[in-house]
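Next up: the structures, one after another.
Two complexes follow with subunit A in common, the first pairing it with subunit B and the second with subunit C.
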Partner chain A sequence: MKLKDIIETLSLRVICGEEHLENELTGGYCSDLLSDVMGNSQEGHVWVTIQVHKNIVAVAALKELSAILLVKGLMPPNETIKAAIEQGIPILQTNETAFEVAGKLYNLIQQS
Partner chain B sequence: MKWFRADLHIHSVLSPCGDLDMGPVRIIEEAGRKKLDIIALTDHNSALNCEIMSEMGKKAGITVIFGVEVNTREEVHCLTFFENLESLKKFQQFLDSSLPHITNKPEKFGHQLVVNEKEEILEEIDKLLIVSLNRSIEEVEQKVHGLGGIFIPAHADRPVNGIFSQIGFIPETLQIDAIEISSSASLSQMLNQRPEIAKYQVISNSDAHFPQQIGKRVTEYFMESATFDEWQKTLRKEGDRKIRIV
Partner chain C sequence: MELEYSIEGGDFSKAGLASSEVKKILKQVNIKPEIIKRIAVAMYEAEVNVVAHAYQGKMLVNIDPSKVYIRFEDEGPGIENIDQAMQEGFSTASEAVRQMGFGAGMGLPNMKKNVDEFFVGSVVGKGTTVELTTYIK
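Showing the complex of A and B:
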């Protein structure tokens, strides 16, 4: 499954990284503690979080995640977007909560 | 110059998690017993007991530094310190405007009390103080430094509410004056796990919530006098000033 498939199915907004929407998704990870994400997320995961601090980009790049998905309509500050563009990490956004969107993502990825 | 003993992370009855015995009289008494030269009051997201603590410290010959333990949007706990009442009051306004209104349930979280020199209750704070501000760690750091204050991420070794657990690493753009490790942490172990902290001054305090915990961990500062100004110079490694965790 590609990033663009979940964007379309779940009507996600793309905040940055339009050129990376062909990224393959291998699964997802849901956490707001960056130390936990560093330790437990896997390459190709979409990372569901409320954390908007610019360090999320470095963590996503380090772990080679396919995208960061911000929930509850949270907007990242400019320095986070700037870092994401530099590092080539797509940032997506939904108005749903982490619980809601993670449930839908799980089903989509299982079915693919 | 000489060594001064300091415990710069202490909670009073204003912190919901602070014991009801943590009034200014008892804190000063315990600090005297533990032979501390300097203490700081660092309640969660509020400085409202600082002034009375400082006055009582003066009478007892103990320097009390004005402080607050701020909880940032990322839920990183950071110690912030101010030299005078003017900057402290400005910071209190910043806290008031940045703390979301979630009502405290004293039976669950504990009472949040502002007290006088007789430990009589002047006010009970309604807004829950332990929640995070709607300000990023950078915004808080810039505010503190704009007021001439000191900014130190607290208990960096802890698995929650420490800078490493919450945001993974220290952002290059964040200006920190030192880093605190918790009272049970070993500096050598911490340096092994996080070699990057070697470039910062590392301090440790008790994080006392109960009287007997005051002075459980102390950092000593080699400096001219027990003042905020001297402490700030010591954090900047000016002259022969130095620091040791004991």
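Showing the complex of A and C:
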């Protein structure tokens, strides 16, 4: 499954990283604790979180995640977007809660 | 190959920069991706600890054909009880730092899990040294 498939099916907004939407998705990880994501997410995961500060980009880049998905309509500050563009990490957004969107993502990825 | 980076305590805007640089270099020297991934987790946690808990520090990297050795030396409050600090969930991070999703108390355990040899030494009131060694054969 590609990023663009989940974007389409779940009507996610693309905040940055248009050029990376062909990224392959291997699964997802849902957490707001950076050490938890460092320790337990896997390459290619989409990361569902409420954290919007710049450090999420460093974590996603070091772990080679396929994207960051912000929930509840949260907007990242400009410095986060700037870092994400530099590091080539797409940032997506939904109005849904982490619970809602993670459930849908899980089903989509299981079916693929 | 020897590399050195300085790390500023309290400056979260730069946290992870040194680790990203080192990761790029590890890729350039063709270390296996699985090994690089583990080193990345450990060095990021150690770098963030200098930012979150110390005043300033440096990261020294030594790459030779058999291993990657990374040493973090900081000037800071030090760690009073290392056994306690090593426990998963133990953290003295401030509320502001926790709000950002740091301070889960998983950093030191994450380091230990992801390298072959792990050492942490500390002098209270002076600073902390962390050593991460990974064999690459």
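Basically, the second predicted complex is superposed on the first by the 112 of 112 C-alpha atoms of A that agree within 3 Å, B and C clash if a C-alpha of one lies under 4 Å from a C-alpha of the other, contacts with A are read in each partner's own complex, and residues count from 1 in each chain.
Basically, contacts are C-beta pairs under 8 Å (C-beta built on N, C-alpha and C of every residue); 3 or more make two chains touch, one makes a residue touch a chain.
What you see is a predicted model, and the numbers here were worked out from it, not measured in a lab.
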With both complexes superposed on chain A, which partner does A:K63 reach: first (subunit B), second (subunit C), both or neither? second
Looking at A:M75, would you say it contacts subunit B, subunit C, both, or neither? Reply first, second, both or neither. neither
Which of subunit B and subunit C A:S35 touches, first, second, both or neither: both
The answer to whether subunit B or subunit C touches more of subunit A is C
Partner chain in contact with A:E43 - subunit B first, subunit C second, else both or neither: second
Would you mind listing the overlap between the subunit B footprint and the subunit C footprint on subunit A? 33-36, 38, 51, 53-55, 58-59, 79
Taking the complex as given, what residues does subunit A use to touch subunit C? 32-36, 38-39, 43, 49, 51, 53-56, 58-59, 61-64, 79, 87
Name, in rising order, each residue of subunit A that touches subunit B in their complex. 33-38, 51-55, 58-59, 77, 79
Counting only contacts in the complex, subunit B reaches subunit A at residues 73-74, 136-137, 159-160, 164-169, 171, 173
Footprint of subunit A on subunit C - complex, ascending: 12-13, 15-17, 19-20, 23, 37, 40-41, 44-45, 48, 100-102, 104-107, 110, 113
